[in-house]
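Notes to accompany the following structure.
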């Protein structure tokens, strides 16, 4: 493991061949796909929905022209990247972001242009991305909390699922959404406490514990669903968590419905991302947590209780992920069903790695997933000639390209996964 | 002798057989409590608990004991059966279940040893199954040749999918956990797509099912028609032996372990880490791919979207339980096979939801991995402290700790 | 589960008889709010009304299906019902190997049936056709939508029938009601967040009637409709009567495309108990009431007058073979 | 602060690492602990610092017994420690590292790093540390990292500072600076516990010396004592510190390096047209301050660098462009600088580490299959030959002490016929007894007519082993001088003077100051 003497030669400030290849590839795809293979015609985007106070006109773009413009911009971006590399300059931080954004817009216009849709609701696309991302964001925040303190959390899936289950049960029993959300958080904490019991106290391999806990929760909730819930459906009818539009703000075109017409879980998500980011990077607590995850012994030698920090963090992470699980039974659908998290916890795991163990990174990585997933649905709804299975691959393929190209080697907290033994 | 991370068996020995047995007992007790607590007879008996408390206890005991007895009859030996065949059939079912699980787990284990956390056995298995199925129904060849081609095909399919991960990882440093999770979904969608096209769809069917593979492409049944156990089991055993040799005796295995434990030192010693990373994933994928052939050409005969079931995920647990050691993995796979087989019987015989198996199974893994917990549950004193060791860092842990390249 | 399963051994339970009816589910399990659950209810009905013994097994994964069927044979079942197409050729093999046991296969057919096998299939497109016509007649926005869990015939049949029904309405009334989502599939039958989002996408793009064909995920559409600001939004439920089955179905479900699996499973058991079992490829149609659409309940008043008459006429035409609901 | 340790015993399981140790450190004094690798020095310090709970014994601070439940208590009592392996978080800035555990906040737990920065600047100015509070620790040279460790202790107002092998990784200049710092601290009344294997330093800085062997105090010594005497006391036998070696001029040129240039990932050349020759039967010592290209030089020869141009010919065969494996197989032996990262695989057994670079060659393997019998025999033989202290060849390398790990690496490299031997920092952190052994082995290899390169930041080692000495500065060769060149000249060259300039300057200095405050030690090692 890296010691304090790790040399600076591994610094990754410099652009490498891989990134360059990706810029080249992006520009080439742009040129061929958006330019030469443009489906032509126009692509229309609806910016407001029929119920909105302020109606915006349809945004219509000529596909071919837009395609060419984007292709040229992409080529310019790639050329700039090559030039920077050649003259050994550091590429400005915004370049990859803008390049990627342009590429995504290009793809979007191209796809809409080649679909049978008369118009795509941009708003629906964006709000949907956020909704699809929501449980993932909570899950990955839970993961970030645990991993930042040096505990690998593979059990996100289990935390979400038990959170969903507990919200259904707690909500049905208490009849209140607050009761449901508290139960969900407790559910997540329950998974976390098993994780800490085995991984921190008994030092069992953290990955084993995580993997096994997922199976455990799946089995337990499935069993209780088949026995407890199927005999008493009253235990599985939680109250609903309503959306609350913030008066005034929610009427802002696009942004209003996107950001200011959310459920409590939605607002809380933004707060959680911000608070956790601030907490991790700007507070004493965060400094200590990160130290424990990077170099527990160093933390120990300055009087920080490593294992206590880890336990608390994993528990807190469990509460966050569990709370996210309540989205399933309080917002998404009105009752619990078997394995309803359907692998979201694993995507959340990918998102937190993709987001480089940073709350904001994890948020945007989840959003990218949500976006790609919803794009698939929005396009297929209108009808397209691309087989549904290929559209379904979209989020996954985009992620592979993103991690292989733009992100590359990401650095985990150095002590992540290693039990801490004094001395 | 090469180093071996303590295997499941070693753990058994080290933690003392007693503790292991107690771990299993503890897991069954927890499961039993769940079964009893949700059992209707038990719950109805609790309504008059204070009048006749023994009724409740008896009902609870019965509920749990019946379930577990059924599980035993389904997984090991059916003492209720009238014929010898029926008596030993459960054991063969256990082996049948264990067959695909075994090779898939070996794949996960090999990757672990190279420091790679392979969550992708699921996708690799699917690719293997697609190749095996396609070769199985399109070609018309004589038996051993055809089957051999099928096995090779499944190896090729899995190896491609695994190798892709290894290649991207080695080239770009992308985290293999992300890559494998994503490729699982891609494989699943690819399968769904191909099952809806003439490539793999059964002619005349609109369901996403492949044609049946030819008889010559099937693993023959080992013990005759009465049993599902097929030659694939022996192939899996052979694969276990091969992997044992690979990891403990071969120079390639040495390289894999070296890269997995300390890639810097490995590189300094002249080991080509790029090659080893790719090869380890190729081997991992090949083994998982073989599980695909075991599924289609051993038991199912045709391919559907659910061919991988949860084998790829169970494989992770099995590999970890077996401490990534081929012999440990072998026994862990048998244990899991027994759970699967026993769970089916338990459900049919007693109506206990099969999910309870997952609960007991996962508790066993946890308890076995934490002997001190079991000792404290049963109030046993701590054993004499063993010589302190540097905490063994598993390759797998190093793997998630990041794509340091 | 959608609603509560009828309590077994309720009032007036029949006397127990020496007959065991067994059922094996596919991976969905008996609480899937779909064909597994519907078939399962036939079994429960037989238990309470005929007094038969029952055994049931859920398959946790595809690998369990074969062993489950074999276990049932070994457990001495007189009849084994398999639910869902995923069993494929398995029941035939089992039926041929065990001539003493009768088999009922739900949602799958074979070219040749063994003596001891009955298959139950449902021409859901016929009923979906009527539902599509109704939806088109109901829609205020001129847009209706449908989506599936996975792209399989038992799902797409509903969707095609629905689409054709809408087309028929357009043709007859000169309307231009659009059907969206013919290519939209969740990708599985468990991801509620995705299904919910698909439903919301529909509502956001002014679709006001949604037919989800996705087993338990249908509930998400009901929830989306109940939460939407637009009072007129509605759901066409499938398999069972959503008015009863769906949580909050009374305010959201316009009608349901019913696939009477419970009844036909019950009838199959009843036949066997009465020694009338015959190898047969049963197909549920509008004619034999194996499929049908549910009443409109509260929505009755919001539908155009005369709709019921048109539907009855269409039904007759379909029965008479004058209309092909798959177009 | 006056510190007393009374009867401290620390046992790990059955193994007693410290056996009723008594120690008194007076205020404003430098108290040195001497002892072999594994003698128990670090363990004792860890007990003192609250990291380990002593099995028996008590600690008194200014006469009052104290009980430390963790390092927090020790720090509160005014004890600071600079660990042998730095306890710094590499991805944190200096300020963050200093703040950690002793954070200044703006209230509500919000960090106020500005206060910490200010404190760092103050201390930095006071002692001339030149530390940038916002630099990332992983980007800093080890010498600076160490100052960060000292700042950590000083910010916490330590009255007693433990320095566990602080000079093991320092360059001579950095060492001199550290000595100055220690003197300043001492002058300010800080008590210091100093641990080192380098007798020259020990003698120069100590006020008192306590020698520990196998966990027990075996005696005290006066700083003016003879180095040989100290060494013998430590090891428990007489040590001959002078190798009594002959310088060698070597024979034919074996390794020719021409215009070797290595560009790092930032596009900066770390080696700049370096040309060197190494003859058969000679040791070329490469000196230089860390970070001036020595590491890249040997890594380039081993085929471990990217973006390398020029030529490296061994016995006429070009090595550049070949894989590391090919280079290893052509008979190049290599002891890497960082043994725990690059030299051994911690999780592997000693036996396997002993074949790490020939696992696929006859007779270790046949046809892709390892030969366990051979591997076991080989291990037994090497463990005996190199006196590797372990209970079994099947123990993992991570269970060995640093000195013994180094012996494993050396034993492995000397297991075959070599055409070239390269050792980078071969004796870093190793005790005198082992240094003697390792040096003898390297000389023996030279005497077999093998060309040898020894890279070291240790001037004593360079002078001791080198038949010729090449000094690198900023990736360039400043000159190649004879093995008997004085420390002063080498020091100047390492700071960027050419050989001629350095010689001239050193002569001038010698004329100016006739008295030398560093006592001359026999044999030049110490």
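Each chain gets a letter, A, B, C and D, in the order it is written, and its residues are counted from 1.
As a working rule, a contact is a pair of C-beta atoms (placed from the backbone, for glycine too) under 8 Å apart; a residue touches a chain by one contact, two chains touch by 3 or more.
Since the model is a prediction, treat every value here as computed from it, not as a measurement.
Student: On a CA-centroid basis, which chain has its centre farthest from subunit D's?
Tutor: The chain lying farthest from subunit D is C.
Student: As a quick test, compute the distance in whole Å between the mean CA positions of subunit B and subunit C.
Tutor: One centre to the other, that is 35 Å.
Student: Just the number, please: Cα centre separation of subunit C and subunit D in whole Å.
Tutor: For subunit C versus subunit D, the centre distance works out to 76 Å.
Student: Centre to centre, by mean C-alpha position, how many angstrom separate subunit A and subunit D?
Tutor: Centres of subunit A and subunit D (C-alpha means) sit 45 Å apart.
Student: From the C-alpha centre of subunit A to that of subunit B, how far is it in Å?
Tutor: Each chain reduced to its C-alpha mean, subunit A and subunit B end up 29 Å apart.
Student: At least two partner chains per residue is the criterion; list those residues in subunit C.
Tutor: 58, 151, 187
Student: Name the residues of subunit B that each touch 2 or more other chains.
Tutor: If we look for residues of subunit B contacting two or more partner chains, we find 189, 192, 196, 353, 355, 357, 393.
Student: Going through subunit D residue by residue, note those that touch at least 2 other chains and give them in order.
Tutor: Each of 341 in subunit D touches at least two other chains.
Student: Between which chains is there touch?
Tutor: Chain pairs that touch: A-B, A-C, A-D, B-C, B-D.
Student: Mind listing the subunit B positions that touch subunit C in their complex?
Tutor: Per the stated touch rule, the residues are 74, 86, 93, 97, 189, 192, 196, 206-209, 212, 228, 295, 299-302, 304-307, 309-311, 340-341, 343-345, 347-349, 351, 353-355, 357.
Student: Give every residue of subunit B touching subunit D within the complex, in rising order.
Tutor: Answer in residue numbers: 1-3, 5, 245, 248-252, 254-255, 257-258, 261-262, 264-272, 385-390, 392-393, 395.
Student: What residues on subunit D touch subunit A, complex-wise?
Tutor: Interface residues on subunit D, with respect to subunit A: 46, 49, 51-52, 70-73, 75, 81, 83, 85-92, 96-97, 99-103, 105, 109-111, 137-139, 142, 145, 152, 169, 264-267, 295, 338, 341.
Student: For the complex, which residues does subunit D have touching subunit B?
Tutor: 12-14, 302, 304, 323-329, 334, 336, 341-349, 351-352, 356-357, 359-360, 365, 368-370, 372, 375-376, 394, 396, 398-399
Student: Could you list, by residue number, the parts of subunit A that touch subunit C in their complex?
Tutor: My answer: residues 46, 49-51, 121, 123-124, 127-128, 131-132, 134-135, 222, 225-226, 229-230, 233, 236-237, 240, 242-243, 327-328, 331-335, 337-340, 342-344, 373-374, 377-378, 380-384, 388-389, 392.
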